[in-house]
Each structure stands twice: as C-alpha cells, then as structure tokens.
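Structures follow.
Below are two complexes that have chain A in common, paired first with chain B and then with chain C.
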Partner chain A sequence: MTLSGPTSSGQARKPILRLTGVTKKYGRKIAVKPTDLTIQRGEFFAILGPSGCGKSTLLRMIGGFVKPSGGTIEIDGADVTALSPERRPSNMVFQSYGLFVHMTVRQNVAYGLRIAKVAKSEIDDRVAEVLKLVHLHDFADRDVTRLSGGERQRVALARALVMRPKVLLLDEPLAALDLKLRKAMHAELRDIHHAIGGTFVLVSHDQGEVMSLADRVAVMESGSIVQEGSPRQIYREPATRFISTFIGDANVLSAERKGGVVKLEAGIEFPDEGPDTHVNVIVRPENILIDGDAPMDVSIEGELVDVIFFGSYVQLRFHLDDGTDLIAHTTDETAVCNIEVGHRVKLGWNYDQQRTLDT
Partner chain B sequence: MIDRLLRPSTWFAVLVAIFLLTPILLVVLFSFGKNQLTTFPMGGVTLDWYREVFDWPQFWSALKTTVAVSGTVGLASAITGTLAALGLIKLKEKTAGVAISTLGLPLMLPPLVIGLALLTCYSLIGMPLGRISVILAHLVYTQPFVIAVVHARLRQMDYAAVEAARDCGATPLQAFMTVTLPVARASIIGGALIAMALSLDDFVITFFTLGGGNTLSTLIWGMLRTTIDPTINAVGTVIICLTIGMTAIALWVTRYRG
Partner chain C sequence: MLKQRQGWLSAAPAIIVFAVLFVAPLSMFFVVSFWQVKLFALVPTFTFANYAKTFQEYSGSLLFTLVIGLTVGFVTTALAFGFAYVIRFRAGKLGPLLLFMALFTLFGGYLVKIYAWKTILGREGILNTALMWVGVIDEPLTMLLYSPFAVIITLVHYLLPLAILPIYGSLIDVDDHALEAARDLGAKRGRVMLGIVLPQARFGVIAAFAMSFLVSAGDYVTPRLVGGTQTSMLGNFIEGQFGLRMNAPLGSAMSFTMLVVCLAIIIGLWFLSRLTSPR
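Moving on to the complex of A and B:
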C-alpha cells in the first residue's frame, strides 16, 4: 500500500458498503428511520425482520430502486446515493425473480454482459461458468417459463452473479420455494459464497434461514435496526424481548426488580443489580431443566399439560402456579417417559442461561 | 351430442345466430346477384357490381381516405395508448382501474353525442374539418381499447423484470426496448388492429367531423340516399372483409402469449 488516507488506521479493513443516516419517508410515514450500517468485504450479511419492518426498502435503497429521503450510501468507498441501479456495482436477486420470460436461461444470464457490450467469447465463458456454479448448465437453452420454481431462482441468482457485483443483494430470494427446497438452497448459497467469496446482503423474515446463512445479522423492527451481531450472539444475548421471541423460541417471564432483587410473578427471587423497574426474564426452552438431580440456580414447580414430539426433540408445556406457561425442549426422551400429563414436576434453570431485560 | 342438439337452449342460440348473421350474409349474397333489385330470385351470379364499384373514382377516393384515417388511427392510438399504459402501470391497480374507466367514458356515450360535441369543439377552436379532425375524433374512442389491452398485459408481467434489466446495466430506454416491449408487443399490435377496425366501421362520428369527401361508410350512406343498388352491397362486402380480417388478425395476435 503506497497510499493511505489521513484517517485510515493502517490495519482497519475498508468496508465494502457503508450506510450513513439512510432514511426513507413516504409522505408522513417513515419506512426506514435514519440508519447506519457497515458491511465488510466478503461478509454474508443478513437483515432480518418481520414483514413491513422496512428491511426490503433498505435493500432497495442500496440497489438504487428506492431513492433515500436522506443519508448517504457508499459502495467500495464511492458515494452511490444519487446513482441509478444500472450505474451501481451491486446486483440484486428479486423475490419474484423478475426473469425475462421471452428469453432462454442463457439469454437471461447473458443479458447484463450483452448490455455492457462484453466480447462474445467472454460472455460465453462467463455464462457457462456461472451456470455451472448454480447447476443449470444442462438447462442453458431452455425457456425460463419451462423451469420449476427452484430452477428459476437459480437463473435469477446466476444473472446477478455473472455481473461480478461488489455487493450481491438478495431480497427474500427463497421465500417462494417450499421448505425442503429452501433448505437445499441454503446449503447451495453457502457453497456459492465460499466459492466466489463475494459480499452478500440478504433480506429475510425467516430466522432459520438467516441463522444458517449469515455471518452477521442486523435485526430490524419498525424501521430501525435494533440489534446487530453474529447469529449466535443474537440468539444468546437478545437485546429486546421482541428479538428473543422472533429469533428462536423463548420463555418470557414477567418480573419486578426492587433493590437489587428480581422477583418473578411465578414466585421465585434472585439477585440482579439494576434500577428498580419491571423486567422480563428470558429463558430458552432448551435451557429449562426438568426434574433432574442436576443442581439448578432457580427452581420452581409446574404441572405438565402438553407433550409434542418434534423428532429431534420433545416439547413440553408446563403450567406454573401463577398461570403462566413454561415451554421446555429436551432431547432426552427418557426424562420425559417418567412424567405423565397432569403430574407436578420440579423445573429450573441456571443463572448463566437466563437473560434479564429491563422494559 | 344428440342430447345437446335437442336442448331448447341450443335452438334458441341457433335462432339468435341466424337473426344476427342473416342480414350480413344477405349483403354478401346480393353483391353477387344479377338482379337490379335486392330481392329473390337473384337471377344468376355476377361480378358486375364489383366491376362497377372498382371503376367508380369516388369509391377509390373514399377507400383512400378510409385507409389513411384508420391506418393513422391505429398507429397513433398504439403509441399514445402504450405510453398511457406505461404510465398507468406505475399506479396502484385500483387507481389505474379508475383512470382507465375514466378514459373509457367515451365508449359509453352515444356516438351521436361524441360527434356533436367534437363538431362544436372543433368549430369553437376554429379547427378545419378533414382527415385530421376525423383521426383525432376516432382516437377519442379507439385509444381506451389500446390502453386497456396493453395495460392488462403489463399488469400480468413481473415488473421486477424491468428492475432486473436496470440492475444489469440497462438504461430506462434499453430496459423498455429489450424487456417491456417484447412482452407487450403482441398486445400493442392487437390493440392497434382493434382500433383500426373500429375506425374503419365508424359512421356517425366520421359523418360529423369529416367535412367534405367520403370514407367508405359515409359513401354507403350517400349511396343509400339515392338508390338501393347492389353496388352498395359490393362496397358493404369490402368493408365486412376489411373489418373481419383486421379483427381476426387482432384476436390471433393477442391470443399469442409470447
């Protein structure tokens, strides 16, 4: 490196995508509140949120399809805020695919290169290469209208990838596929990301999809990013009650903190420093211990009301004395065999498995 | 099969079809008849009436005007209709529906009222009557058809395809030429042909706005005022062929979903 900016701090990686105060208003309605976001080169980044939270609008602003009401978008150090989609070094995979229905698979994929007036031989090479990557090389000359949903999805992916975008934008790309196909595509998307090593930005409302694909996740709720981190981090340490139930299952127990002691409505107490306020205690179902001899920091009695077999685990629902329900997941079937519905059981968990959130 | 033929509803349908089609068939039939009067018996088959029509300079001048008018109407309504449809597609489906109904209001008005209104309007702004005024008048009621047909096709289309084209580097014009137009082409051509057929047929509005000269339909009307003569049937048959031909092509083109 011969050149370095006055503010660059030597080792710091230069982000490929940087949003600063990006916001979108439709009339008086705010779709995206001022948002800052930095995505590193080579990351598989996901924006996760329920429908209507503004995640698609945010992605479409990055792609150039929605004009931000404020803020700047930089890709690879260049301000692209005012550029139209065709002038941005990003490519998008659309939820509805947006395939060119009057063209074959090959023509669809070659479209961008043709527009860019790339030499014929190079087009052929790059199209063949990318079709191989998405396993469509046998379908190259088929009309896209004669493809299945999964195949169409791959065409859309190939059409974007062939442009070698600096940032690949994926707008709920798998939402139209059935569960089995979606799972297969997860593995394939990860393989593709490993193979080409680009920067992917995925928008999804499917937490399972995000957990299995992304290196880093931003959770959005009503127009703003509420938490950012690795999937593991977000699962383990959800910042809000909403995130705890949106990502994975969670028992949310209502409690009151007074003078450094948290008292659950279900009747248990434990020490916890913090201001006097109403709090929620979050415990994941897999961290609930059932009737074991194992020592537990918090213990409580509950009546088993329901057992559901999910294959790899069993879900048990307990009724606590104060009327709240407690869900437990266990992979240990022998533990379950001893209890019958209607029985009262000792339940509990350890302090390091719970999370107390002020409300 | 036999069951179906015996049903009263079948008979009713056949009677209605006969009632609707007989007059048209008679026009075609009598255009080939030897008899001066359009009555049976026809007294033999002849092409004399066609010969007479084709030797008649007024027919050719009317045909020329008709072709010029309906050709221009087809082309112009295709262009304006497509542009309007492209604008409407950006609106919500409901809003676009309201806009299309509003634009289509002239179709619900009696042609007599439209003709009269246009004539008043033309004389008010001092517009001379002639081919141009007829073309503009025809556009008033042919354009809504093109808008409706093209708009319907564009609604079916996945708009993300246009965005995808832009995403792949196409300018708005390139995206239109390579993605939107190929998809909408059949419906644009179909819409234009329907517009031409409508323009060809029209008598009332043309009569009000033409001023001097004749189109085929005003020519027939003029002929009717003097004599009922089998040459009318010959001209009528020419119009029938043109209209049916145009509509058939339109149907064939628009049914093709490429």
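Moving on to the complex of A and C:
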C-alpha cells in the first residue's frame, strides 16, 4: 500500500475515501456537479436524494464503472481515478444484484477470491463465514436462480463482503424488497456493520432507510450535495426547504423578513435577524402544539379539517385563515378526542422548534 | 394419468410432423443403405458392402469435408460471437440497426453470395485486379477462386448472419450488472468473457456452431461453384451416387456415415463445453 510516510497525527484522521471536484457530464447534461466529499474509515455513510439527482452516478464513479469528467477520487490515500473497477479496493452491491445465474450461491460468493488466487482452504473458510453472517449457510449449494428476492440480495451482499473491501458501495440494495423484508434487512445491515466494521457507502432515495442506517448523510439535489451531517442534524436543521420536506414531514410557511422582523402570511410576527427577503418558516408536525394550556411562543387559530390514524401517532390537518394548511402529529389521543372536525382550535409552537430559511 | 395423456395429445401434431418429415425419410435411407443395385434396379438385400466401400473409397473425402465443415463452423461461430457481443454490449442504440443490417444480407440469397465471391476472387476479379494495381503481385493469383479457401470464405459469409441470431438471442438475457460485478470482483475483460458471458451464451454458441458445421459439411453447391475440381466434398459424391450413377444404396450409406460422424462431433463438443463451464 502507499503509506508514503504520513505524519502520525495525519494518519489517524486520514479519510478512507476522498472526492475532490468529481464531476460527470453526459453530453451537455451535467449529472454530477463538481463534488467534494470526505468519508472516514468505519463510517456508514449514505447519499440520499430523489430519483435522477445523480447519486448512482456518483457511487458508480467511486466504484470505477463511470469515468468522471473531472476531479480525483482517492481511496485510502491512493488516487484511483484512472483505475478500472477490478483494480480498486472497493466492492459494489448492485440494485439488481447482478448475480452470476449460471453458478451456485457458493460459487458466486467465491468468485472474487478465486480470481484473487486465494488458497482453496482460505476461500472455503471465508465463504462459509460470510454465508453464515448473511444467514445463507443452508443455501450454499443452491443455484441462485432458485432463490427468493431477499435471498438473492444477501448473495449479492455476501459476494462483496467476502472481499473485505476498504469501501463497500451499496446502490439502493434493498429497493426491490417489500417493506417488511426491507426493515428486517436494515437491522441486519446494521448488525453486519457492527460485526465486521469497514466503511459502507449507501445510496438511497428512501429517507427512512438512510435515517435508520447511516452515521452520516449527504443529501443530493440535481447533481450536487446540498447538505451533509448526521441524520439527526439534517432532520433538526435542514439547510433548505427542499431538504426539510424530503427528510421527514414539514410545514413550510411562507413569510417576509423586514428590518429584523419576520411576518408570516398567517399574520404572526417574530424577531429574526437577517437580510430583508422572502423566507420560509419550517415547523415539524410533531412540534405543533394543539389547544394546549402550555405557553406557546407562536399562537394561531385553525379549523380542523381531517384526522388520520397512523397507529403510533395521529395526524391532524388544520386550515389556517390565510388558506394554508398546517399538519400536526400527536401521540396524545386524548387531545384529539376533545376536538371535532370543523372546530376552530388554538395552535402554536415554540421558537426553538422552528427554523427560518432564506429563499 | 389424464394429465399425461393430454400432454401427449397436445404434442401429437409436432410428433407427426417430425415423424413424416424426418424419421420416415431417414429410416427409408437407412434401410436402403443395406440394399444393392443390379442393372440399375434396387435389390433389397442385407449387405455391409456399401459401408465398406464408403470407408475404402471416400474416407479421404469424408475427412476433407469434416475439416472444411469444422473450419467454417469455428470461424463462423467466432465471428458471429464477436458480432453478437458488440451488438449486445458495445453498440448501444446502434445495436438493433447492426443486427438488422447483418440479417439484411440474407435477402440476397445463397447463390447471389456465391457469385459475388466469384467476381471478387476470380482471375480477373476485384481482388486480383486491386492487388495487381497496387503492385503486390504481377500475375493474377489463381489459387483464390476454385480452392478450399474460396469454399470456406463463401460459406462463412453466407452463414454468419444465421449464426449471429442464436448467439445474440442467448446474450440478450445476460445481465449487464453481472458483468460489472465480475469486473468489480477483480476479473479482467477476458476473464469476464470466458467465465461469465460465454457460459451463459453456451446454448446459442453451440447452436450456431452446429448449424454452420452441419450446413457446410452437407453442402455440395458451394464447392461445385467456387471449389474447383480439387475441392469436391462428400456431398458432391453423394449427389453423384443419387444422380448420374444411380446408386442410391451407396449414396445412402455415405449419407448415413456422414450423419453419424457429424452427430458424434456435435455431442462431443457439447460435453466439452460442459467441462469448460464452472460446473
């Protein structure tokens, strides 16, 4: 390896993956705008974004399947930008799995090790170990064509994991599974990451998946990363209106700021320093207080228009006087019992639960 | 029980067609191959004389025919695989157009292709004229036309589009991501081709090979038109037995020998191909 004499402090914090100005153009269309990204060793990192935002393209550039139009990609300190996939210390789990349909489960998983000319006994051990890890040890000698979707998914995972890649790339690996299986796989993926460590980079358009798996998230929108942080950070402090609605639910209230005072269209005012401009005030539904006696910084009246029971919480939709809707989530069912559809209710929230975003 | 009966019943038309078109004539030839000819009339007997004669007089010709057939088979299949691979994996949107163009050449028909090669390879043909004009040669090359080479090139050209089809058909199902996954796991291009693409295209490749081998080995028109006097294949002799010489029993024996040898070769290759795939 190219451990070209790093200083001791530099080595400890040396990122496993570093992208500098990586970009991809298809003709005149820019799929990925110049992107910088640093991922630390051992992280479970997720790239989250809507369909077509360029997240697969970004991941495929890391894996070596798409040649960047510009920028450099370093894995563990070595520049891999010009290397083809077989020469990169990364492995990929494909959305459609890409299994070798003419081979058994064991042959699929052993493929990479056989090419690397690993000794037969070691191949056997490592394949057995990883099949156990993904709970496929009973299926080792089955043809992969005779597996269910979930089992195929595990083969794809095992086939990449057995290589012990420096970076494991996962491109929507669970997208083809049904909700229940997907949830089960979330738990399993977390367990696997705990068990073997390593650096995982997951691409997904499913915010729930990302929230439940990743240590750190980059949100992508039309070809660029618009925010990076822990799932909690991004949920609590979304950088843009788009992120606030893409990750979790949010009430987006239109407002004007003038001379340090923000005035909502619904008629509320509060002080907020910043340039005079149009702003959006973001409030999460679970932070809306309903008909409470508790003191609220912002208070407003609305008419209840509908109630949806979601099991662990109830969603209430209110109509404000200016015509906008306000969504509230509550786990307190007694609060709901007291109001009926059509009633006017006092609503509100506290300043520390709101977020004011320019533009 | 009932299910089974229905199965037979629904397969009956196919079985009848197969019996009428293939089994009946073949059995007929098989029987005739043990007969004899006396004074231009068929005499039903039971003699191995025809087979003996086949081996004594025509084994050289049989061997030569097999060599031509195998050569055409290998060359055609290799080229067809290359074409089909490019059409499927490399040509992108142009793929269907390429496939169509390859098939389009079939519209010209078999004889047109043969005559085309005659004008290309002949003494005053395009190739000789061009070579002389460039100055590579002073005298026209006579070995181009009327040679085994001309037979092979003509047959390959004719069979290529037909051989592309089954291979392309089997490549359609190969998952692009599987190829990417193989690269990702460390396989170089060649290794992906041998270990991932080829095993999945096995049926198509064998079908293409069997088709081009059998068609070439059984051909007698091409050798007559571009092969010259030195390049007679077994088909030409068989044709002679059934035609001018009016010796159907010997012709049948030669046909049957050919058929069995060809079958053996195809079966042998089938097992060989199973050995080379992972299991």
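Convention: the second predicted complex is superposed on the first by the 347 of 359 C-alpha atoms of A that agree within 3 Å, B and C clash if a C-alpha of one lies under 4 Å from a C-alpha of the other, contacts with A are read in each partner's own complex, and residues count from 1 in each chain.
The rule is simple: a residue touches a chain if its C-beta (ideal position, glycine included) is under 8 Å from a C-beta of that chain, and two chains touch if they have at least 3 such contacts.
Computed from a predicted model, the values in this text were never measured in an experiment.
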Quick one: on chain A, after the overlay, do chain B and chain C clash, or do they fit? Just give me the call. clash
Touching A:P285 in the superposition: chain B (first), chain C (second), both, neither? neither
Applying the document's definition of touch, where does A:Q107 land relative to chain B and chain C: first, second, both, or neither? second
Quick one: is A:L99 in contact with chain B, with chain C, with both, or with neither? Answer first, second, both or neither. both
Should A:M163 be classified as contacting the first partner (chain B), the second (chain C), both, or neither? both
In the superposed arrangement, does A:P15 touch chain B (first), chain C (second), both or neither? neither
Under the stated touch criterion, which partner chain does A:P85 make contact with: chain B (first), chain C (second), both, or neither? both
For chain C, which of the listed stretches 7-15, 79-87 or 133-141 runs into chain B? 79-87
Jot down the residues of chain A that show up as touching in both complexes, chain B in one and chain C in the other. 63-65, 84-86, 90-92, 94-102, 111-112, 115-116, 156, 159-160, 163
Residues of chain A touching chain C in the complex: 63-65, 84-86, 90-92, 94-104, 107, 111-112, 115-116, 156, 159-160, 163
Where on chain C is chain A touching in the complex? 175-188, 191, 195-196, 199-200, 277-279
Complex interface listing, chain B residues touching chain A: 157-171, 174, 178-179, 182-183, 258
With touch defined as at the start, can you tell me which chain A residues reach chain B in the complex? 63-65, 84-86, 90-92, 94-102, 111-112, 115-116, 156, 159-160, 163
